[in-house]
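Look at the two complexes coming up: subunit A is in both, with subunit B in one and subunit C in the other.
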Partner chain A sequence: MATVEVRDLRKRYQDFLALDGVSLKAESGQLVTLLGPSGCGKSTTLRCLAGFLEANGGEITVDGESILGTPANRRGFGVVFQNYALFPHMTVAENIGYGLKLQKLPKAEIETRVHDVMKLVRLDGLRDRLPRAISGGQQQRVALARALVLKPKLLLLDEPLANLDARLRDEVRWLIRDLQQQSGITAFYVTHDQSEAMAMSDMVAVMKAGRVAQFATPREIYQKPVERYVADFTGEANFIPCQSVISMGDGRYEIKAAGAKLELSGVPGIAGPAELLLRPEALELTSPSAGTFAGKVTKSAFLGAALHCEITLQDGSVLKLTAPPNHQVAPGEEVGIAIDHSHAWLMPEVAP
Partner chain B sequence: MSLRNPKLLLAIPAVALIFVFMILPITNMIEMSFRTPGHSEPFGDDYTTMHYDRILSDGYYWGVLGRSLLTAGAVTLLCLIVSYPIAWHMSKAKGLKAVFLYACIASPLMTGVLVRNFGWMIAAALNGPLNETLLALGMIERPLRLLFTQGLVILALVHVFVPFMVLPINNALRNISPTLIEASSSMGATRREVFRDIILPLSFPGIYPGMILVYVLAVAAYVTPALLGGQMVSYMPTLIIGELTGTFQWPFGSALAIVLSVSTILVVGLFTALTSRLMERSKA
Partner chain C sequence: MSEMTNTFSNQKPVNVGFGILIVLLYIFLMAPLVMIIGASFTNGMMIEFPPQGFSWRWYIEFFERKDLVDGLLMSLRIGAITAVVTMTVAMMAAMAGQVISGKLSGWFQLGMTLPLLVPELLTAVGLLFFLYKIQMAKTVMGLQMGHILMSFPYAYVSIAAAIRQVPASLEEASASLGATGWQTFRLVILPLVMPGLAMGGIFSFINSFDLYTISLLLKPLGGNTLPLALFDFLTYEFKPTAAAAATLSILLSIGGVALVQKLVGLQRAF
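And now, the complex of A and B:
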């Protein structure tokens, strides 16, 4: 539907730099997630896209044409807000049909389109209710329907699941993804929840202090982060500082860490101090002599589907790992840890 | 009703106050309005409906009642038009600016009613500052007769009642979430459409009490019409006071007051009924 490009976007509030050169690209039909903690600039970026905020510098183009001069009401983007922002004095059907009514479409057409989209998001039977008389999940679906019914070029979602309970969140998450893919609408999705970002996106932009720390596929973000900040934000992670790093070219390295020698892939061109990233699921418990590392179990917790353990290595660093639930480990036990080398990753402490 | 219930005990002062200062006097006034006229005293011993018959059958009283209700209506509408932009501005203000604006808005209420109206008499006099200014600007050739006109009465009432309109509307506007405005503009609404479809209906919970307050106050206003309206035109309150303290016709004066009260209640009731759907929907 539309290719959207953000180039070097800047936004300043008095002496606070909210956006410090954000660059992103959403190919037609892609869902791009802006992921990061509060204050990282993800919502500011979205609000610049929507036209609610004026950027101080940079460029936003849709299909190659700048939209910075176009006011919000003529951009033709659908926006879904965290608090839903339903019009409290309008019924569900009036909320959804409001944009169509503004376009002065014939009543019958508004009627059919509202009816169709309500069926799509499973709101049938609620058309004459006021927003305050329906549940949070239903309100969220009204907000979604209200944006989709206008067939927007671009869909902007600002933490749309933040106010829902866990069960509903899952349901609405899949609904959003399904609808977005079916309709082929390009979408930007803001969240601070990494699992949401992973599950839904074609591309993820991890943001840090007004900049994009890494812009890549969910798989790359998780398995090949460019720095510790990204790895930390995208899931459970173990970091082990390296004593020595020898580059073998092509992003391959030979390192020494926690008393072991390893050969593995990493971010190309590491020069300074480096850290070894080990996700809990890349580690396996073995006998003390067989593993790459050796250590002592300090904690173990049975979580039903898995066993979470913490192991203190000889050099004092602590590794978290996920073991099969029936594995027997007791705190104090000496164990070895085997590494799945394809899941080990070397990265600089801070991206250059 | 058990007096051991502390909630009911708490209601006693309010109930007592309303009983003594509202229920008793109104009952007394209704009773008075059915009394026969007295000869050497304010009222007679017997009961009659002659006062109501006289009011309802005489076009003069219908005219005065109509003038009072319409003038109050005009004051209310002008107040709304003047107050809405002020309330909008105030709802955006924060900190010291907000305090300053509140003080400005409340300023007409800080002057005594007589002082304020005498002020208007001076301001609107033939050689007063209003005329002087208009003359100096070349907008008029000779001084206008402003004093003792219906227009001046309306102007003076609008001036003093603006705070009663601004404050509730300001409150209602503050309760409108800014994301609603963003949402509607993202759906294609122009600024005018946002105002018409979102802001105006959602501020109705402030407009409604503002209009009711101003209307009721304007209908009952006595000093301003008495001082600024002159002898040529009468309003219900000036007429009532005339009967009560001028000619000492207490029963007739009471009947006039009851007619005015009932008419006001009818107008307020009609307005409430006409806007009940909007109110039901827009209240928070």
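And now, the complex of A and C:
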């Protein structure tokens, strides 16, 4: 168990600034996800944590003590790689026991600990297989066991599910989350998959061009994003530009958008231009006169469990929404849209 | 052979031509070997093919000739030392080459294989001047240096190829599990590159065993490698003893290749 703090971390490659002041904090036992597209600096941050890369500035502390001077092999962190990084010439049991053997523990103890952890990750019966003779999901579980058997202070996972097919991904994902919670290990998890990030994390850091755009709980990231970039990356989203914004204090605003007047919450302290975020599930189709907005259906698609519609409002903005599957809508029809005000959110317009 | 005929009958005629070409190529490559091995067993007094009768007499004569046996021993010793030294140095160079990135990496690779690109004679002359400068010309040590220089690229190419196959994440994984650099090298990298390393050493040995030009220029006073001794021998006597010596060399090379095959085959790494 450990509290990990990253402060103003910087990393520069020749003429490319990979990390431009990353700050994060993981409380003891939390799983913190670094989420973002490729090149945003999430892996670089993780590699600095692991000690594979040297930062050019900033600080990383574990339980208040700096670890930047400690080489990777003395940090005592477990690392799980995207390509598993199993030793191809060692059996499953040898791979898992590698770290214990380096610690020169008695054979019997290594034996029991390897046995126990293999049971934990459900690898019984595979101990004498070579990595290439087992499936991808099993390989990733070996990698996980190899890291966990050393009881690391911190677990670092670099897109551990990226090479697995969808079914295995789900299985290994829950295994990782269960083990992490059972053992209470603090963990950092890198991914570009927002659903993975949402489902597993205590905290999510959405990264953008070497910075943390927002660091918050999955719920806040989804419902109260600080900018369009974050909202876009965490799920389906509609944005409507606002004509006027009047702050009422306390993060409440009165706005005019697409011909309607609304009162809603938003990012505190918006001064300049703002846009309205409406997630598809905050919208409901009604009769043209009853809704907050009025518009015309331009597309509708039956997806089985739901009906997917696109509606063009009077000011030209397009809203995507999901309606119940048996709702009757035809393209060209005039409709009204009711808004669940608790799910509407105002954000400042920021360059993407 | 039955497999080959099978392939021929199933494929288009253009492949028949290709097959014949391959067979011709093999005949072209193998003919000298077959002739020299055949000639070594002759019972006659001349190197000739087909051999006359069968006898081991030229092998017995080879081992009775002190100049040839000395040459063989010298070649074996120099080859063995060359193999060990080039394996060690090439391993270090290949690992350094892994760390160098960008444009520099290409130049580094080129530099490491330079002895292959520069004509052997030029390297030999240059080295000879250098050895005179440091008072080491015409010594066994000087000859040894020349052989190491000429054989290094063979070891390097083979070992560098093997090291490139080892993903960097394995080293990182090993470090994260608490291994020091040396432990990672011994427990992870070395076992994985062992086939390439052995191959590099054996190529380097075979190359050293075969070097003529550089040996001629750098040979120590009163010492001869086997190729030099054989050439001297052939200048005065055209006897099948030379064929016997050549056959022994061929056997040595085949033994080396078989060893590589066995090592690589036994490796469970790749």
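Note that the second predicted complex is superposed on the first by the 350 of 352 C-alpha atoms of A that agree within 3 Å, B and C clash if a C-alpha of one lies under 4 Å from a C-alpha of the other, contacts with A are read in each partner's own complex, and residues count from 1 in each chain.
Note that contacts are C-beta pairs under 8 Å (C-beta built on N, C-alpha and C of every residue); 3 or more make two chains touch, one makes a residue touch a chain.
Note that the coordinates shown come from a computational prediction; the quantities given were computed from them, not determined experimentally.
Partners subunit B and subunit C, once the complexes are superposed on subunit A, run into each other and clash.
By the touch criterion defined above, A:A72 reaches both subunit B and subunit C. Of the two partner chains placed around the shared chain by superposition, neither subunit B nor subunit C is touched by A:I246.
Of the two partner chains placed by superposition, A:A133 touches none, neither subunit B nor subunit C. Of the two partner chains, neither subunit B nor subunit C is touched by A:V350.
Residues 50-52, 71-79, 81, 83, 85-89, 98-99, 102-103, 130, 146-147, 150 of subunit A lie at the contact with subunit B in one complex and at the contact with subunit C in the other. On subunit A, the positions that touch subunit B within their shared complex are 50-52, 71-79, 81, 83, 85-90, 98-99, 102-103, 130, 146-147, 150.
Across the interface of their complex, subunit A is touched by residues 177, 179-180, 182-190, 193, 197-198, 201-202, 278, 281-282, 284 of subunit B. In the complex of the two chains, the subunit A residues touching subunit C come out as 50-52, 71-79, 81, 83, 85-89, 98-99, 102-103, 130, 143, 146-147, 150, 156.
Listing the residues of subunit C that touch subunit A in their complex gives 167, 169-170, 172-180, 183, 187-188, 191-192, 267-270.
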